[in-house]
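Next up, some structures in structure tokens.
The same subunit A turns up in both complexes below, where it pairs with subunit B and then with subunit C.
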Partner chain A sequence: MKRRRPRPAPRRRTTGPWTEAHVHRLFWRAGFGARPDEAAEWAKRGRAATLRWVLEGGPQGAALVGPAPSADGKPLDPVNEWAHDGLWWLDRMVRSQRPLVEKMTLFWHDHFATNDQDTPLMLRQNRTLRRHALGSFPKLLRALTLDPAMQLFLSLPNSDKDAPNENFARELMELFTLGVGYTERDIREAARALTGFRARWTDDGFGGIYYDRERHDRGFKRIFGQRGRFDWRDVLRLVVDHPRHAPFLTTKLWEFFVAGPPSRATVRRLSAVYRASGHRIEPVVAEILDHPALYRSLDAPDMVKSPIVFVAGSLRTNGLPVSAQSLTWLLDGMGQRPFDPPSVAGWDWGPAWMSSNSMRTRFDWGNRLIEDDLLGVKTGSTQPPASPAEALEQALAATGRPWISGVTRSHLLEMATRFFDDLGPRTRPQRRSERADMLQRSLRLILLAGPDAQLH
Partner chain B sequence: MSACDDFRQTTEAERRRWLTRRQVLARGVGAGLAVYAAQAMPFARILEAAQAQAQAAPNAPVLVSVFLPGGLDLLSALPPLGHYGRYADLRGGVKVEAPPPLGATGLGIHPALTEGVNGGVKGLHDAGKVGWLPGIDYANPDLSHFHSRHFWETGLITHADAPGWLGRWLDRHGSADNPLQGLSVSHGLSPVMRSGRAPVAAVSSPNDARMWVRDVWGPAYDRAIDTWGRIASASPGAPGPSSAYTAARLAKEVGDRLAPYRREKGRDPLAPAVEYPDDNELGGRLSRMAALIAQPLGIRVATVEAGGDFDTHDNQPDDLARDLAEVSRALAAFQADLEARGIADRVLTLVWSEFGRRPEANDSRGTDHGAGGIAWVQGTRARAGVHSDYPSLTSFDRDDNLRVTVDFRSVYASLLESWMGTGADEVIPSSKAFRRLALVA
Partner chain C sequence: MRADHISVRASWGITAAAVAVAAGGCLPAGAGAAGTAVGVAEREFRISLYRATVAPGTVRFNVTNFGEDAHDLAVLTPRGRLLAISPEIRAGRRHTLTVRLRRPGAYRLVCTKLDHPARGMRATLRVRRPRR
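Let's look at the complex of A and B:
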């Protein structure tokens, strides 16, 4: 029986003026933030041109623009140097002219979370995720099913017809494509259909994945009520054609970009777009990025930046390169080290990022950024400000003009107003200047790492 | 292909993972205290609650979990002196030479475990403070670090995400508002301690949890931190912003709370009561743990992880001697510290690792992942002796691994009942399936 689907809602687009605040919101959600000059430029060019650049890129393609990355003075060596893989990817987030591609690669890294595999395999998987980031989901799913890091992580090569391993089959349905709408029997039968892969092992270690028909279970299987001599290709087709798949994936995509769950009408709409496009990802993302809900409460950002987005964004919006290995430890302390999701289920996003410990580590990152060769001030370089507003303006200009709430602004102005209170009238000018340095450092730290800076 | 080959493939990555944590600790990055509270709560109440909990039950028992990552080798930790010939055949060049006998148990002990104050872990045994659990594991052992660790951490044989077994105990028996009741002395929270509802904490360095601003001090610093607190006191309604402001507030309040423990002018309020070994990560963590348990903070369960790597696929004799010596020195000092502080009778320590190693050595002077590992319970209240059967060296399981002689959930259930004084079923489902062991004297 063919399932009747309610008619999808019509497309909803943003309307009204296109301001710098819109650009900031879009660039943070679809990437890693905008520099003030970028925000001004794209606000001028308008909504359609901005969305086109975000979705399709400009003449520079995916070029990396800006100062080259390093790790404590040395060039990055992602394959051989510990943790350079994460720095290498972080650099792409900081400099790529296709930030949405990097953001979606991060989305898929979380979605198809893999860890504990050798670096070359993880980097290979990362390239695969990037190549398919906005393309066809079935192609992406096929590539990940054949991906060595994924295969080894979820025991696919250990699964043969005599002892099918359900690890991959279960995650395929639970985490990768459906969420709900299948039975334990579907998993067992799919595991049988997925048998046949083997890993080649040599004296040098892992030598690749191959398919061994002798290990494949060629019998009949029954999956989602259909019967056949299914193999792995059939399983991938069956899960993508399952009625729960489109709502599952489009809801997850929505929640990556927008705070709060989508309405049922929105899910129907996005699912229809997804199916009509032949299960392509880009049209769904395009709808979400143009949806009025993305631009809700522009004056009060309501999503928590993930640690990677927070760190990459503070570098990108300030034109700073990845430059220190310590970034890796800081990201670890914040709870999101690239290439190291906690389990196959990926990271917990949203408010779960925030604990006093992770906040304390984000604060440490702010302290790193206000080193005087980065965004800080050298001792003795600051004149006492003519007014609190001038001090705040100077700090904002030095930190890429991050968003702060009106209340935070008033607390910062209050701080600037009273910062010199304890200095008597006969305080030496040098001491006043030192105090002015400290005011700049304090303002900049709070702008870069305070609670407002955690939101986008 | 065996599961073991699979994980040999990941060994290097595993090592890097541990290296990460060690480096994080060494650098003191993000030092501080984490409060994982399911619900936001006024911080003053947390502190009052800690004091109240501590005062209400000043002698409440404390359970400490010490994790030795990588899979500690039973046959090296406690070599079977009674079957030394067979043991030497299996282990060849990897065997422990002339292990000192462990009293009248018929077992020997790795010489490195005699290192440390009062004769190290062997000294604790000789003083009747150790209960050994050779052959510990679970049925159909999974030789993946990741999987096996997850089972031990949660007390559940499941691949599903779940809170840790001590976190679940706190959910049931802990306070609703004292995060210090469950303490991980580490950079992040131990999965053992992760709870569903109960607030729990991670402290890596209580001496420097105070917030700081680069090159800002004196009245300027006070003004900056005060401003941070004011900004963080906003309470926006939406969940995302609310979580950010709450975390910012807690980070400051926790820094304030731990300020009394700041090392200042050569005075360390958390100084150990006995001398700890130098350059010993586990010792450093245990020293802070003992100092914090002695404070009126209401700590009930605490976790720590050793700095070594017991995944001895190669170069086992040297690596294991080094890492076991670190453990022995640290644990011996910790026990002496607890005794010197007069709190030893209310602290029991469980030392564990995620699995054992194969009886037969491999070709690279090491041993691969195996079943039937080793754990022990130590403390003045631990019942001394060997509480499980030593696995046979002639009859292995179908994968040529040691046969499991005691399920780790037997130990958990027994400790919950006889040490914490609560039911086991609430934490270990169907705990009846696991026989109880007399572990507490």
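Let's look at the complex of A and C:
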């Protein structure tokens, strides 16, 4: 008796009211957070309009809006100055009017993790990832297979018919497209099919990738049970057509946006959408962003912000520009420097971000933010608050109104209540004012870098 | 001492004394952000320059060793005299070499380790006056 294939689950959409909390959740997961005025505006416009803007963008396209970036007062030179490449990309995350495109570029940067290659090649790869961020996966895969940084990273140009190098074929199946469902023989045979690429080097450096038919193995290969004189194009087609590919990729996409694994029915649904769309990314992401699971526990965020999202988000939600080279080293300390994933497997996401050293560096970033010229308090500028609630309100208003839990709120109010306890009735007004400054700095630091600020 | 006036004949086996003299003609590493930055990548056995041409003046070579072996970076005048050389840069490390390139011409950049230049660790930076 023929086994029936399980039917994909019907589409599940978010229903009910659309509030600022929904907007904040969506903007953090699909981007780098929302300013309070953005959250209010999109809550008013409704779910459909908000999702449309996130997925398709508005009349401004991918324009960069806001103050231009700099590194310690000078314009960025992402090619020639160390670490400016990361600042350049961070600026796009902070100012782009297509934050989802930047978020997906980050997803692909992790998925097709490449490191230790020449900066111009890494920047070129970054542009490729952005161009295909929400488009056709086969086109993205083809572009990355031909991408010089990727080719050099995984030794594809050194692979010829006399000594096929298995690096790329192995990562193609294990990390890029399948995860499981292939054999060592499939890898070896795919490596043969992928032979023929060469790198051209001159006295001026890298001169490009080219294809040399003479170095390609034109013999028969057997991959996933199919036999043919396969070349690199055939390998890419075979992995995308493999039954494990759609569940592998859609699950990974889901877990980028939603805490917790998808149900089997959800994977079937997302895989069906992916295949029906001709292997396009945008319809899958649209389903995920509209899924009720994304909006679960709005009052208790359950995903850890990655360091890049944490830093870009704190700048974006407060309207601050990228302005210091030290940002790159701070991101390094937090464990996620752009253009420098630890290996071809990318970063470990989730709670793994919250090492003790990383958390200390996140507080360093908070301290940097509350310096006078950013979100800080000039000494002697704060009047003692009329009430603890007023002090907290003032701090929230100054930091882009980040989410805090009810427990944190009550702790902060208690701190504000006791902050002046040791000052007697005869304390000089100036000392009271300085204490009020200190309270504001403390509240703002906790709002910007405390435990709640690590989640979205 | 002006770096241009150091008369050390370039050779692939530059002595430690020559290195010390040449280094004396360099501006201190990390001397602010003055001058034109030129990104340089070194690996076995290539040198990639991220900028092919600069105007006469101070140039900061921001060198990254992407390779597995230790390398260095020497800057030679168009006539082949050693102008400046970095200390040894270990695998995965970086170094900034700041040099004043006063005259137009084709300056050679090489790694002086063993036979590295012969195996391909050489590049050319052109210094040209900007067109008016």
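General remarks:
Here, the second predicted complex is superposed on the first by the 452 of 456 C-alpha atoms of A that agree within 3 Å, B and C clash if a C-alpha of one lies under 4 Å from a C-alpha of the other, contacts with A are read in each partner's own complex, and residues count from 1 in each chain.
We take it that a contact is a pair of C-beta atoms (placed from the backbone, for glycine too) under 8 Å apart; a residue touches a chain by one contact, two chains touch by 3 or more.
Computed from a prediction, not measured in an experiment: that's the story for all the values here.
Look at subunit A after the overlay: subunit B and subunit C clash there. In the overlay built on the shared chain, the residue A:Q383 is in contact with neither subunit B nor subunit C.
In the superposition on chain A, contact is made by A:D72 with subunit C only, not with subunit B. By the touch criterion stated above, A:D204 is placed in contact with subunit C alone, subunit B being left untouched. Of the two partners subunit B and subunit C, it is B that touches the larger number of subunit A residues.
In the superposition on chain A, A:W82 makes contact with both subunit B and subunit C. By the touch criterion defined above, A:T183 reaches neither subunit B nor subunit C.
Of the two partner chains, neither subunit B nor subunit C is touched by A:Q430.
Within the superposed three-chain model, A:S358 lies in touch with subunit B and out of touch with subunit C [touch as defined at top].
In the superposed model, A:Q226 makes contact with neither subunit B nor subunit C. With both structures placed on the common chain, the touch criterion links A:D118 to subunit B and to subunit C.
Subunit C is struck by only one stretch of subunit B after the chain A overlay, and of the options 271-279, 307-315 or 397-405 that stretch is 307-315. On subunit A, the patch touched by subunit B and the patch touched by subunit C overlap at residues 82, 116-119, 201, 205-206.
Residues of subunit A touching subunit B in their complex: 82-83, 116-119, 152, 155, 157-158, 167, 198-199, 201, 205-206, 259, 300-304, 326, 328-330, 332-335, 337, 340, 343, 345, 350-361, 363-364, 367, 370-372, 376, 379, 405, 407-408, 411-412, 414-415, 418-419, 422, 435, 437-439, 441-442, 445-446, 450-452, 454-455. Of all residues in subunit C, those touching subunit A in their complex are 33, 37-39, 41, 46-52, 62, 64, 66, 94, 120, 122-124. Across the complex, subunit B meets subunit A through its residues 1, 3, 5-6, 9-10, 12-14, 16-17, 19-21, 23-24, 27, 29-36, 146, 159, 161, 187-189, 202, 209, 211-217, 219-221, 223-224, 227-228, 230-232, 234, 236, 238-248, 250-251, 253-255.
Only residues 72, 74, 77, 79-82, 116-120, 201, 203-206 of subunit A touch subunit C when the two sit together in their complex.
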